[in-house]
Each structure stands twice: as structure tokens, then as C-alpha cells.
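Working notes for the structure below.
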Amino acid sequence: MSTPDEGYPTSLGTSDADTITLLGHDLAGELMGKVGFGELAFWLVAGRRPGPGEVRVFETVLVALADHGFTPTAIAARLTLLSAPESIQGALAAGLLGGGSRFLGVTEDTGKFLAEVLQQAGEPLPDTDAGWDDLARQAVRQRRQDRQLVPGLGHPVHKRADPRTPVIMSIARQEGCYGPHLALFEAVGRVAPDILGRDLPLNGAGVCGAALADLGLPAELLRGFALLARAAGLLGQLAEERRNPIANDIYLAVDRNARYEP
Amino acid sequence: MSTPDEGYPTSLGTSDADTITLLGHDLAGELMGKVGFGELAFWLVAGRRPGPGEVRVFETVLVALADHGFTPTAIAARLTLLSAPESIQGALAAGLLGGGSRFLGVTEDTGKFLAEVLQQAGEPLPDTDAGWDDLARQAVRQRRQDRQLVPGLGHPVHKRADPRTPVIMSIARQEGCYGPHLALFEAVGRVAPDILGRDLPLNGAGVCGAALADLGLPAELLRGFALLARAAGLLGQLAEERRNPIANDIYLAVDRNARYEP
Amino acid sequence: MSTPDEGYPTSLGTSDADTITLLGHDLAGELMGKVGFGELAFWLVAGRRPGPGEVRVFETVLVALADHGFTPTAIAARLTLLSAPESIQGALAAGLLGGGSRFLGVTEDTGKFLAEVLQQAGEPLPDTDAGWDDLARQAVRQRRQDRQLVPGLGHPVHKRADPRTPVIMSIARQEGCYGPHLALFEAVGRVAPDILGRDLPLNGAGVCGAALADLGLPAELLRGFALLARAAGLLGQLAEERRNPIANDIYLAVDRNARYEP
Amino acid sequence: MSTPDEGYPTSLGTSDADTITLLGHDLAGELMGKVGFGELAFWLVAGRRPGPGEVRVFETVLVALADHGFTPTAIAARLTLLSAPESIQGALAAGLLGGGSRFLGVTEDTGKFLAEVLQQAGEPLPDTDAGWDDLARQAVRQRRQDRQLVPGLGHPVHKRADPRTPVIMSIARQEGCYGPHLALFEAVGRVAPDILGRDLPLNGAGVCGAALADLGLPAELLRGFALLARAAGLLGQLAEERRNPIANDIYLAVDRNARYEP
């Protein structure tokens, strides 16, 4: 019989008969009642405790991403609750499984795109709007040449402007968390219309990715925060489905309109 | 073709070209930066905005439930990330799917048990510790007679006392959120040893259920809050798995110890 | 460091450098090309190899349960593929998560109900239709008295008769697999209208549960076979969604009909 | 209110009061008892009914992929059942969610790789082993130059030879289903050692992908068949977990070896 000699290392939760330790702190004595939930979520993933300004930006992002109404993921969660009402974890999981490349992926894609452009640009970063615009122009042109979309641009409903974008920008500035990712994203918004030949607003999911990246959160986990935010939204959808069900009507509206086609 | 004539009603997210509305409020103008994430999660599920004291109790509960180290759900999430590293939503969902009757169910079971006892007792509720003890004694005896466990009692590791229990009690009192569910749960803790013939501490998952019930949250959705808390913990586990992987060692420790047995 | 001294026992798959063993047989030499897929699925769950007649009944049940068109689970799977097209396992899992008490549960509920009635009745079992009718009458009356539905009775669409029911009955008879669960279920169909005061046909999901129970499969895993059958159906739905997508239209039909209601 | 004017087209299941139609056939009269389960799964996904030889190859592949013992996905499914024993669909879904790029992805990756090489090569295809070897050599060299692994080569346990590979090859030949994907894959096995400088056997998951591709199944859905096969294997794991549980021992072996490391 064998397990790794050194055991399984973790910096998260451990416990013994009298104490529960989380992130190296006594859960009951040092964390409960003293750390907010969003703050803890940040800490758990980033491995460092955020400051109050960072918490405010972070929670603003989570609030922005929590619920977008009847998205495919919300509908999938409601239909799953209809079929298996005893398993709320199954309905929540079904909703989160839609958190992939298309509907929840913009946040992560934008964060990664901006991080790559910044990494390629290297130091020193621009210190004027004109400098950021130059960098953004190169990046947008490169995407266009590679026939790739620029992540974070455009929205099927908010065609002129996404109301979340300026609020995230403004709160990040207020809290001293406006960094190179947001600066580059704003510049992308300024230069893209000329290059692409049409007005595409900076969307809310994208600005959330830029803000999370400026908080120093790892790019490959940004989708994770979108999922956490959406978990709250999906619980809201499931609670509403219990109070005021619509999933059966959705199901019937589809099933009754089924048409056999070879 | 038909859809319900009245459309699909919702009090959650809706949007048009210029505005996103959530819970009847302008998301960008009235919620972002002004509502905390835990506060929003409460509001989404309960359909009413909590006060600051309620938010503090609620977030304390979420912090208490977020991560308990290498639980079966955390291990399942890590193993799923090992197999499908490109799908963080799949790994998170796999972890949440363990949020059923056994490991995450105590919170909901305790809340429901207390709510049923209170409902049967009817008005007026006891106004002395002795009165609460009488009610608790009847309830514990009834469970024992029905050969059912009393939910929220006992813990495999914290055999003497669960350090989370007094903290939740104390913060609920401080914030004016100590109600009949917590009072009854405390009384259960006082009377159970005599009736059951052994010391079983009030566990943390149970006190969280009592506290959530005293916040007026619907009993059949208490497991949902445990899932939300655990979503943050699982993201922490997945972030750590990326930084410092152990899932492959766990897998090998099991696979190498496989033994054929007809 | 510790693992269980005796290792982890299993009768399923094990392997070494040169051999893969499954169910105690050499996978490459004794199973591949010689065992059908349905046969293997039966064997894996039941722990015994079924005979050819049993395989035919078993596969007939799986075919009956594989796809029922635009069920809530099929719609949920398609919507999940829309949101996360790169993760077919996520879309499949989302669909299966609806396999709970309501839409896929009838198969298991019927099998369990019949098994309980038979167990209470004890030996010897009836040997005439009249005898089965007596037993069925008692069981249906008992359910009615307990204000419980009789599982396997009635169907929202097939109000007069479910076309699958007589086919399963007939094939089970042909293959010598018609046992007490099917006999009791048929009797329930004969006596229920008089007791309940209305015609309710024996539905297909119910007869499948009765047939699986007569094959000696464990009652608490009958839902598992419904899930396996549905996995094939969901793959068909997902393949069709890729060829001829409708999920986005479903999403828009819901989202455009959203109506804010406080 | 609006739904698409033309309804939602489907070639799969539809029904009215008296009939259930699947794939354009009467389910009860034309399919049940007359179509095998594997045959139906092929038909549902491919949109065409396979011949008997194709069914045999297809089911051989499913048998080969059904269970590989204590894989990460099997362990995740068992741990999920431990936590939520009432939700077999959740445990199955958790296991399937590991069916991503790493552990179940080889089948699909190999099929796609072979299909791309064949497509680039164009007509006419080689008609001698030497011709296939030339094509394989180019393809393997290209992968090496692009610093990409050749999918389907090598196995952590079966370092000399994977016993499944020759069986699939042989059955495909017997049944007249040995086509260009298998021919190219065999050639890859012949030429790769010289190019890569080490012996890497053609693994079982890879040959399954090649065989499925030669059956004309769509490359982007090959993972779906691996998932279907694995669904049967996971049900076997869950049935065994109920009869002879080990998940709690696995959990404890991990949890007791947890070691705090900042």
C-alpha cells in the first residue's frame, strides 16, 4: 500500500478535533464575522487577502455578472429542476455547465487577450492615452488579420453602449484598481470602430475580465469567477422557479411545436 | 405556434438596448458598487433586500461553509479537473453534485427540522430557556422514537465542540438576528445529552441552517446557500490544484491499490 | 501515511502491462467482439452475464427509453451545448441531471413499488389471473388510501394506451422473462380503472421498470438503466443540434417573451 | 408572443396520442425488439441505420471503452455517490464530466488527426502499405515539427503493446469495416518508432477513434461515443460502490494525509 510520503499538501482547509484552519487562519476565531464572502472567495483563489478597494471592485464585478435573465444557462437550470425537483445541486450544476466558451467565456477571453497583448508589449507600458491607443491599434489589427474576433467588443442587445462598462471603469478608478488591462481595454474601445468599420461597444462581460485581470487574478481562472457570480444568479432563478414556475410552459412550447423532418 | 399569452414572468434580470434591470432596479445605476455580492445573493433568492445585520450573519454562514478541506466533493472536483483540464465549469459542477443529502445536507435538514418543530408548536413561542428546553425535549424524544437522527448533532472530527457554533450564535445575537430557530437549536444542544445518553455537540453545518432559517430564508433552498458557499471553496481547490496538483497522486494511490475480487 | 491494508477491491476493470481484465475476463481475448454492448452493461451492473433472451428484453427496454423527443432533459442538453459547444460531456451531463424523480423516475418507482408489493405478499405467489388481480387490488387500494399515486399508470400524451406496453409484455413472454413484476403490473392495469374511477393506461416507463425488475436487476439502480438509455438519446439530440440547431431559437423565444413582474 | 413559424424540426422522437415515432419509424412496431441498443445509438447520432458488420465493430469499440477500472472519472463518480447517495444521476454526471481532453479525449483526437491527414492527402488514397507508410511518415514528422504529440500513441501502463489494438483491427477487417483511418493508423504505428526514436504502441483509445471514423461517424462526436461507453462502465462502478463501498476509504486516505503548506 502506498500514498505519497509527503502527504497531500494544501493551504486551504484542514482541521483537528478542536480547530478548523482555513488559509492558515483559525476559521472560527479569525475569519467568521471578520471576512466577507466575496473577500474570502478572492483569497481562496488568489492565495492572498485583498484590500478593501479590491474587494469593492471584485464584488462589483460579481454583481454585474450574477444574472442576465433568461439566458440558456438559466433556462437549462429551470428545466432540470422541473425534471428532478429533489436535486437542487443537479439543477445548479446543469446551469453552470453552460458556462463555457460562448455565453460565459467572454470574461476570461477578454482577460487573456489583454494579458497577452501586455506581455508582448513588455515594459515600459504606455503612459498616455495616445500610447495606449497605439498599442490597442496594433492588437486589434493583428486580431483582424488573424480573422479572430476581438473579445469584449459588441453585444447582441446593448448595441450602442453597455451600461455596466463605465460603472466598472469608474469604480476601479475610485478604488485605485484601474491598471493596464482596463487602460488597454478602454483604448480598444476608442480605436476599434475606425479599424473594424463599425461601432461595437465594450461589453460588460469584457470589462469584468479586464477588471479581474487588473486585480491580479490568474487569467485561466477568470471564468471561475463568472461561474461563482452565476451560481448566485442561478439560485435566484431556481428560487423563482419554485415560487412561480415557467419551465413546464417552456417545455410545452417547444414540444408542441416539434415538427418531424427527415 | 404558441407560447403562453402572458409571456414568461420574472422579477430577476431583464434588459433592453440601453438598460439592464435586476430585481426591479437599474443594475448599473442602482446596484453595481452599491450592493455586496452576498447581499445580492440573499436578495435574489429571498426576493427582499437584507439589512446590514442580516448580511453580516448571512456572510458569516457562507464563510463557515465555504471550504472544509479534502472533502469528497473537493477530491471529485480535483479529479475531474485532472481529466478535463479545459473545462473548469465541469470540475466545479462535479464538485457541487456531491452537495446532496449526506455531506452538504445537514444545513438544510437542520433548518427544516427546526422549522417543523416550531410550526407544530404554534404560537406563542417559549419565552424562557426552560420553555425552549421543554420544546426541544419533546422534539428530540420524538425523533428518537421515530428512530431518526436529530440533524445538526455530532461531528466525526469535532467530537467535543464545533468551534463554529458559538461564533454563529454570538454574531446572530449581536446583529439582532437570533430568532426561534437558533433558540430551539441551542436548547436541543442542552437537552440532547440526557435523552440520547451521550454528548453530541451542535455542529457547524447545523447552526448555519438554524441561522439561515432565522433570516427568513426558505427551508427548501437552504442547501442552495451551502452550494453557493461551496462554489467559492471549490474554486479555491481548483486554483490550488492548478498551482500545486495532487489529483494525479490521489488517482495513482487508488489505482495502484486496486485488487481484483470476484 | 495510510491506505486500507487490503487495498481497494473491485470485480470490474484492472490491468497490468500486458493484460486488461474486466469482470474477471480478459478484455481483448474474451470480451471484445464476443459480448454486445447492452449485454456488457447488464453484466457490469448486475454482476452476472445475462442469457440471450435476457439481453433481448434488456435492449428492448433501452430502445424504448432512449429518446422521447423534446423532453426537458433534451432541451437542457441542447441549450448547454449552445452555451459551451466545446464541452460535449457538459451538455450530456446537463441532460442526464434531469433524470430525477419526475421525468425519468417512473421506471425506478414502478420497479420498487412492484417489488415491495411482492415482498409483502410473500410466497407462494398467485398462479391465476384472478389471484394477481386480488393482489393488485389490495396494492392499488393501499396506495389510494395513503394518497399516493400508483407509479406506471397514466401518461400525459398517450391517454388511451401506451404503444410500448404490449410490446414489452410480448417480448418478455417470448424470451421467457415474464415474471411476477410484469404479471403484477398487468393486473394493476386490469383492476385500477374500477378502483380509481378512470381509465389510466400502463405507461411505457412503468412497464420498462417491471421488465427490468423481472430480469433481477437491483431496484435502486433501475434509474441507472434509464439514464444509460437516455445517454444514447441525448447524444442523438446533440448530434442533431450540431447539424440543425434549434437551441438558439428556443432561447430567443423565451428571452423575448420575458415580462418583468415584481 | 413568438416562436419560429416553422416550429422546431427534428428527425428523432415525436409522438401523438397513439404513436411514438423515432427516426421516422414507429417505435413500438418497427424498432422495439428489432433494433439493438448499440445499433440504435449509432443510428441516432449518425442519422443512418448501420449494417450488421458495422454494429459489431461499433459495439466492440464500446466494449473496449466501457471501463478501465479506477480511473479519475470512476473515483469521482464514487465519491459523488458517497456524498449524495440519493442522486445516481448526479454521480453518473460527475463521472462523465471527466470525459474531456485528457482521459477520454484520445479517441476523438485520434479520429480527428487521421481525418485531417486524409483530407489533406486527397484522392487517390495509397493502395500499398508502402504508400500508407509514406503518408504516415509525413504526418508524424509534421506533428513533431509542430511540437505536437501524435494522438493514439503510447500508454502509461501498456508500454509494449495495447492488447485491444489488434482485436479492433482484426474485427474491422472481418466485418469489411477496415478503411483508410485504420490503415493510416496502422502505418503510424509502423513508422513512428524510427521518427520519434522510441517504441510507442498504438493504444486502445486511439484505435477506437480510428475505427469509429472508418464507420463514417462524425469526428466531432467521437468523444460522445466514448462517453456512452463510459456511462455503462460508470453504472457498473456505482453498482459496485453500493454493494462493496470504497469511496469513504478513499476520502479518508486523502483527508488523513492532508498537510498544511502555506
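Per-chain numbering from 1; labels A, B, C and D assigned in written order.
In this section, a residue touches a chain if its C-beta (ideal position, glycine included) is under 8 Å from a C-beta of that chain, and two chains touch if they have at least 3 such contacts.
Not measured: the values here are computed from a predicted model.
Enquirer: Work out which chains are contact partners of both chain A and chain B.
Expert: C, D
Enquirer: Once you count every C-beta pair in contact for both, which comes out on top, A-C or B-C?
Expert: A-C is joined by more C-beta pairs in contact.
Enquirer: Whole-Å distance, chain B centre to chain C centre, using C-alpha means?
Expert: 32
Enquirer: As a quick test, compute the distance in whole Å between the mean CA positions of chain C and chain D.
Expert: Each chain reduced to its C-alpha mean, chain C and chain D end up 23 Å apart.
Enquirer: On a C-alpha centroid basis, what's the spacing between chain A and chain C, in Å?
Expert: Those two chain centres are 38 Å apart.
Enquirer: Give me the residues of chain D that touch two or more other chains.
Expert: Residues 1-4, 7-11, 14, 69-70, 84, 86-87, 89-90, 93-94, 97-100, 104, 244, 250, 253-254, 257-258, 261 of chain D each touch two or more of the other chains.
Enquirer: Where on chain C does chain D make contact in their complex?
Expert: Listed in rising order, the residues of chain C that touch chain D are 1-4, 8-20, 22, 26-29, 31-33, 35-38, 40-41, 44-47, 56, 59-60, 62-64, 66-70, 87-90, 92-94, 96-100, 104, 157-161, 163-164, 166-168, 171, 204, 218, 220-221, 223-225, 227-229, 231-233, 235-240, 242-244, 246, 249-250, 253, 256-257.
Enquirer: Please name which positions on chain D make contact with chain A in the complex.
Expert: Residue list for chain D touching chain A: 3-4, 6-11, 14, 21, 24, 84, 86-87, 89-90, 93, 97, 253-254, 257-262.
Enquirer: Can you name the residues of chain D that touch chain B in the complex?
Expert: 1-5, 7, 69-73, 75-76, 79-80, 82-87, 90-91, 93-94, 97-104, 244, 247, 250-251, 253-255, 258, 261
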